[in-house]
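Letters A, B, C, D and E mark the chains in the order given here, with residues in each chain numbered from 1 onward.
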Amino acid sequence: MAALIGRRMLAAIPLLLFVTALVSAFTVFIPGDPAVYVAGENATVEQIEQTRERLGFDDPWPVRYAEWLGQALQGNLGESVFSASPVSELLAERMPVTLALTLSALLFAVLVGIPAGTIAALNPDRWPDKVVRGIATLGIALPGYWLGLLLLLVFAVYLGLFPTLGYTPLHQDPLDWLRHILLPSVALGAPAAAEVARQLRRSMLDTLNQDFLRTATAKGLRRHTVLGKHALKHAAGPIVTVLATQMALLLGAAVIIEKAFTIPGIGELAVSSVINKDVPVVQGIVVVSTVVIVVTNLAADITNAWLSPKSQSQ
Amino acid sequence: MTLDDVHVAFSPQGLFRRRTAPVRAVRGVSLGVGEAESVGLVGESGCGKSTLGRVAVRLLSPTSGTVSFQGQAIQALPERRMRPLRPGLQMVFQDPYSSLDPSMTVGDSVAEPLRVHERLSGAERRARGREMLHLVGLEERHLDRYPHEFSGGQRQRVALARALILNPQVVVCDEATSAVDVSTQNQILALLRELRHDRGMGFLFISHNLAAVRHVAQRVAVMYLGKVVETGPTARVFAAPAHPYTHMLLTSAPGASRRGAGGATPVGEPPSPVNPPAGCPFQTRCPMVMERCRVEMPAPTPVDGGGEVACHLQTDGPHLAGRPLPETLRAGV
Amino acid sequence: MAQTPETAPTHEDGRASRRDRWRFARRFLSHRGAVVATGFLGLVGVVAVIGPAITPHDPLAQDLGAVLQPPSATHLLGTDDVGRDLFSRLIVATRTSLVAVLLSVAIGAGIGVPLGLIAALAQRTGGLLMRVTDGIMAFPPILLAIGVIGVLGPGLTQAMVAVGVVFVPRFARLTRTSVRHVARETYIEASRVIGTPLRRVVMWHILPNITGPIVVQIAVASGFAMLAEAGLSFLGLGVQPPDSSWGALLGRALPYINTAWWLGIAPGVFITATVLATNVVADGIGDSLGRETRRDA
Amino acid sequence: MSQEAERGATLLNVEELSVEVLTSTGWTGVTDTVSFQLRRGEVMGLVGESGCGKSTTALALMGLLPKASARVASGTVWLDGTDLYSLSRRQWEDLRGDDISMIFQEPMSSLHPAFTVGEQIAESVRRHRDLGRRDAWQRAVALLEKVGMPEARARATCYPHEFSGGMLQRVLIAIALACEPKVLVADEPTTALDVTVQAQILDLLRSMGAEFDLSILLVTHDLDVVADICDEVVVMYAGQVVEQATVKEFLHAPRHPYSRALLAGSRPDGDDSTELHWIPGAPPTPGALPPGCRFEPRCAHAHDRCRAEEIALQRHPDGSAHRCVLDLSAPRGE
Amino acid sequence: GSTSGGGGGGENELDPNATFRFADTLPIDTLDPHTSPGAGNNVWLFPVYDRLIHLSPDAELVPGLATNWEFTDDGTTLALTLREGVTFSDDTPFDAEAVKANIERAQTVEGSAVKGELAVIESVEVVDDYQVEFNLANVNSSLPYVLTGRAGAMASPEAFDSLAQEPVGSGMYTVASYQPGTSATYERNEDYWDPEAAQAATMEFTTVTDSLQRLNALKTGSIDATILSAKDVEAAKSADFTVASEPVLEFYHLQLNISRPYLDDVRVRKAINHAIDRESLVSGLLFGLGAPAVQPFPQDYFAYDEEIGTDHYAYDPERARELLAEAEVPEGQTIELINQNAPSYTQLSEAIKSQLAEVGLNAEITQTTNFANSFYVEGNGDAGAINWTGRPDPAQTAGLLYTEEGFANPAKETTSEVADLHQELVATIDDDEREQLARDLSAQITEDALDVVLYFPFQNVAYSDKVQGLEPWLSGKLEFRGVGMTQ
């Protein structure tokens, strides 16, 4: 296990170098010039020129990348070109929000997707299956922000059950946190829940045909033990992988949901920094999200190793 | 076709994967199949039979050793130069379910070798395919069907038809009859015999079913943990096994006779090919193991009645071949 | 049955696959949902082709005196925020949306599948290729898309190229896994023993046997592409005015969701229904392609 | 006959069992009025070609037929005086693994890959016996020892993939025997194993049968296995019982042409020059059965009568039975 | 004209402990006034930082930290008298030294966004503790107005290094917490010199970029006040909120790059002016909540020229076609129309495109994510549909938009008349003369059709009935002075 973690961490290093270099190279092509904005509304052309020089935008990207990397290796991710805030602070401020959002969306996906998928698999082609499949397909088909706005309109604006914007950290006020996070999590997690339900249905159907379930039944185990313990543990394998891939998708989709619910997460920052060429912030976000994804995949692998000891030994 | 001192080791690869010890699947096997000769290869699951078979048709390159076909060493031939030799050297696989492409009709599968090696029109190919199906006991109407419409036995016959369509000199049959009913098995065995007699084909017949081997093979090689422990004419090996393992195989085949013999239950299980024990590979299960077996690899020694055996008993101990079974072997450990 | 004349017509490969397709068609047709969904997609396709000819109004004609009108006899779906007929715009936008989807999926599959094939067949380069795709997959897709749009500039084509780029690693991965799966089958070995050259092994055995998952993935990706187009248009990075796509119509309607809520309903429903239909079709295809593997215990 | 008095009481009584499965054309019968009796302490072989309904019958006894695609159309199964088909689901669950248990052909796939073998044995013990975690585990280890697992205590904490096929089959036997059932149904338990291991497992079954006073129903297509271990044989063809006899009778003087053909095809001795026998044609598929005797199209002894009418199973006073107008063992008399 | 729905139940007592929650339309970049790039940040900065001179709600100069200011030495010196007894929130005293330090910092700090505006100050001379003189390079009558903005914001010299995150000013509030880009909490400065200014104990500001979201937040009580887009005003009113809608200095225009072919011809520019139906833009896009305009200053503002009025370029497609024909513009001539990528600009571009099509011009819309860079710096496109957020002094607006060196002049070209008038305006100190010059300048700009001014949208300030004293500011940047909440 420790070896696995160690190996993955080592493998993450070239990955991080690769993506950050890619970002660096990439930003060259993004049109626009942050210096124009940074220099201020009343700046002259010379001032813009000076600003550009000060920010180092004149250097070729490998030079800038090397400089950034040198700093980053010392733990300094630089400062936002626009707000002059340290990138690490911006990330520390916003990443927990986005993480909380994506994780609760994932949790929602699990809590809804697993029972739904199981019920569907146990009644193949009968009405519960059809209902679950119908809703699941719908869940995948609904544009996330549309769903988000509809939820917002119904539950927050008309029924007044939830606030329409903002975020309270969990440690400050758990109940208020829940009120803020619930609707966005549902909106964000709906497609994931649908995907989990569909995949679980499939792998459950597969599992239900496995010989070892027949063995379990032949032992006289109760039906709920056979399904809830034996079948689920086996069928969960693909779901863990699905959840890991969903995590990457959710991180991206969070942009839109955060916008719809005005949640101060990483999303808006990501979009505006890419558009405005705030390279240090983009780098920071990419580093963090890559790490998140590496960690997620690692967690998925560890879970899978537990779910399937055989794969671990190979 | 001859194999000479073939070694195969599988070493797990991977950039970030932990290195593990190689699996030494085949360790120095020499074996030949002559014209119109059928050689049986028997041994326990995992002892390296299939690996050897795959080396013989050059699906695998051996780690060391030579494989020659029609006097030409083929173990290192590039695929392009190997291709002209392919028609003479064919193989039938164990699993009847995965050895036919599910997206192709049976007719296309059978005719695939013709498409590769001969310039024929579609009609000609079809005619040859039909002929081949007849030979293996199927009918023309089967040509346009898909594998999933066939039973295991039928598929195995289709696979055989595909291997035979180019009229090969040597066919490696890797457990070609293991997955089918006894009845079908007999049918296929009869067909193989016929092909050998009428067309002079040679067979390397891999099986763990001793009875089947006995029915088709003139010579038998017994493998254990990557090594050939005994070879010899079929009749001699079955009547007077010279290696304790061969003996164990024969006596443990189920049947009324075994029941009558009074419960000589074989012991233990074969060790892992990842780190085979030093000395004789069979030492962990051998009821007659001696001090020497643990340190020294027995060399092949000729046996009365033909063939060779790699066992210290042959040189040092009470010879097995041609003698009544010693008490120790009867009673188990 | 043995009376087939010796001079049987040449049975080329076409015939074989036709038979296969029949089986597929038969099974597919037995999925009522999938058939209905296919019908719906067909209808959408027809509208996409003949759309501009059948609009009741000029989709670009504005009437600033009549903005945000509710549905009426003249304007079946009402008017938008500069007073254009929404129904006409919806019809015209159909083509844009479909072309967008096709473009991105074509890019994704067109690059991803060959890459996956190479990665599966060439051991060394394959490993490297997969590392690179891993890296790309580690990017949140929207970031990647925005980056690509940043490079190429906003616009529908660019946006869909971006979405296509997002698809590439996914198609590559799926292809690689499927190929490796198929490559383990004995019939591939059997083909090698026959001496079939690699190129032909790929053509004859590998490609036909991975089409199933890939077709399904294409259908799933189409649904995703439609949503992605909508999302990018929502962020203003997609289609350029005054042209429109369903996603852009929806995005444009959202600010009016509580003043003129009807604006968002039609595009939203069409997007959802189309994605739903593609998914249902994908499921249908998946089910119908699944080969009966009989393996009695 | 005398020594069977105490052991020989009927334990499992299968009466006219017919099972149907769902095919593309609807519910189709795959077994037809299968009847046989399994006596206490006896090993009975259920043999026949692939697809003749052996596994279906075995699963029906366990109440394990897949609900969606198979059902018992008619018939009863009595286990020690209980009518199994009158039981509720919960009663079935209490019965399975306790009074009657089963092992399967593929040891590799019949164990859950993600639980240790010890857990999988202990689970069954805890389900049916009022034992704590520790005690159940102790018993699991004891069982593993009993089935001949070396270093049982350590091996109990291993996962199935760390075992060879033979070892796993021992584990499955341990699970089946965990609660000392009266009947063990074994569906082709050795088909997937090597000869030497096969012999080990058969011997284990034999010794366990004796130790636990088990009745075993052994499903197999391998007549050698039957000869090796069984006392009694039931031969099935196309869903019907065509012959029931003691092993001796069956091996030396089969009554039914099908039994004879089977035996002829499986004679193990012989070499390169021995003639090989096989039954021409293929067994009929369920739903497309020939009129009259189901074996008639492949039978060397068939005549008009066989085509005309269904042949009834003839019972003989010694408990044997066969389904043919002929009796190939006739010279021996009844 | 005000369409204000009345000031709510004004009789109620103000609650001194109240929290006032406001949603702003733009994100806050930094809390350092000197490096903060845009006037949009003023809303967030001004509660913390007082400026030397303040603006009144109708954009007139009123005392801030300076109680008096006057030009001396023919206008080459600006002398200021400072307010006494003021300290920064870190207890550093505010005095002439502090002013000197601030001006010098603003001129030199790395990343300064105001040094251009302050370039005219050559040196700062401390006369005594509360007297300070700015020595100027040349006469610049805009300087007092400049000092009302971020350039004149005073921060504690002790805290110069950390202003971006931890601002220290002498304003009516201090910042209690701050999340870059999204929100800030302000607490009342109990020692503030004007006890009437801060009525609420706490203010919470958040950024909500979407008007609909702001309306929703208002409706659900998450905020007390905000600014709404025209489309959402009706909904707010029907939900019983007060909406004060007033014109401010901000206007929308179709900016023309007059160095481009055809657009360098005044007839073409006039033609385009005539081609636009401003009334329908205001009624269709703003639901009437705006004032159509042809000159860059709103009615009732001192720089507004009555003679030109609002109808100088009446909607007249016929006339437009004639003018285009005279200038020999081919039918269907393409005009590249650039707009910032956001729905409101897109909508406007589309409307303009459709109206230009009527007179035979084919506008091709290109969206950009960075309008200023693309249109002003790189000089892409022929025209841009954008808003001008307004400046306190007409000379600033004219200077940036219509002079050769104006940053927001895409062509970096102008007419000599406009250039001369602008220079004269900058060099004139006398208030009456200035007003006349500003009017002339406005008239000249309009006459030369340097721009296609479209309309002044109203600023729609919406608030609940608990909010008191909140009115739109002509500057367009709300200052919240005197804003409080009832119980």
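In this section, contacts are C-beta pairs under 8 Å (C-beta built on N, C-alpha and C of every residue); 3 or more make two chains touch, one makes a residue touch a chain.
The UniProt protein names, listed by chain, are A, C = ABC transporter permease; B = Dipeptide ABC transporter ATP-binding protein; D = ABC transporter ATP-binding protein.
Given the structure is predicted, the values throughout are model-derived calculations rather than measurements.
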| item | value |
| --- | --- |
| Most remote chain, CA-based centroid, reference being subunit B | E |
| Chain centroid nearest the full-protein CA centroid | A |
| Centre-of-Cα separation between subunit E and subunit A (ABC transporter permease), whole angstrom | 39 |
| Rounded Å distance between subunit A (ABC transporter permease) and subunit B, as computed from the means of their C-alpha atoms | 53 |
| Centroid spacing, where centroids are CA-atom means, of subunit B and subunit D in whole angstrom | 31 |
| Between subunit A (ABC transporter permease) and subunit C (ABC transporter permease), centroid-to-centroid distance (C-alpha), Å | 24 |
| Residues of subunit D engaged with two or more neighbouring chains | 50, 104, 106 |
| Multi-chain contact residues (two or more partners), subunit C (ABC transporter permease) | 150, 254, 257-258, 297 |
| Junction residues of subunit A (ABC transporter permease), two or more chains touched | 31, 153, 157, 211, 259, 275 |
| Touching residues (chain side subunit D, partner subunit A (ABC transporter permease)) in the complex | 62, 64, 68, 89, 92-98, 101-102, 104, 106, 109-115, 123-124, 127-128, 159-162, 172, 175-176, 178 |
| Residue numbers on subunit A (ABC transporter permease) that touch subunit E, as the complex places them | 31-33, 36-45, 47-48, 51, 54, 80, 82-85, 89-90, 93, 152-153, 156-157, 160, 163-166, 259, 262, 264, 268-269, 272, 275-276 |
| Residues of subunit E defined as touching subunit A (ABC transporter permease) within the complex | 23, 27, 29-30, 32, 35, 37-39, 110-117, 164-165, 179-183, 206, 208-210, 213, 216-217, 219-220, 222, 368-370, 372-374, 376-377, 396, 400, 405, 407-408 |
| Parts of subunit C (ABC transporter permease) lying in touch with subunit A (ABC transporter permease), wherever the complex brings them together | 131-132, 134-135, 137-143, 146-147, 150-151, 153, 223, 227, 230-231, 234-235, 247, 250, 254, 257-258, 264, 268, 271-276, 279-280, 283, 297 |
| In the complex, subunit E residues that touch subunit C (ABC transporter permease) | 210-212, 215-216, 229, 231-232, 234-235, 277, 280-281, 283-285, 341-343, 346-347, 349-351, 353-354, 365-369 |
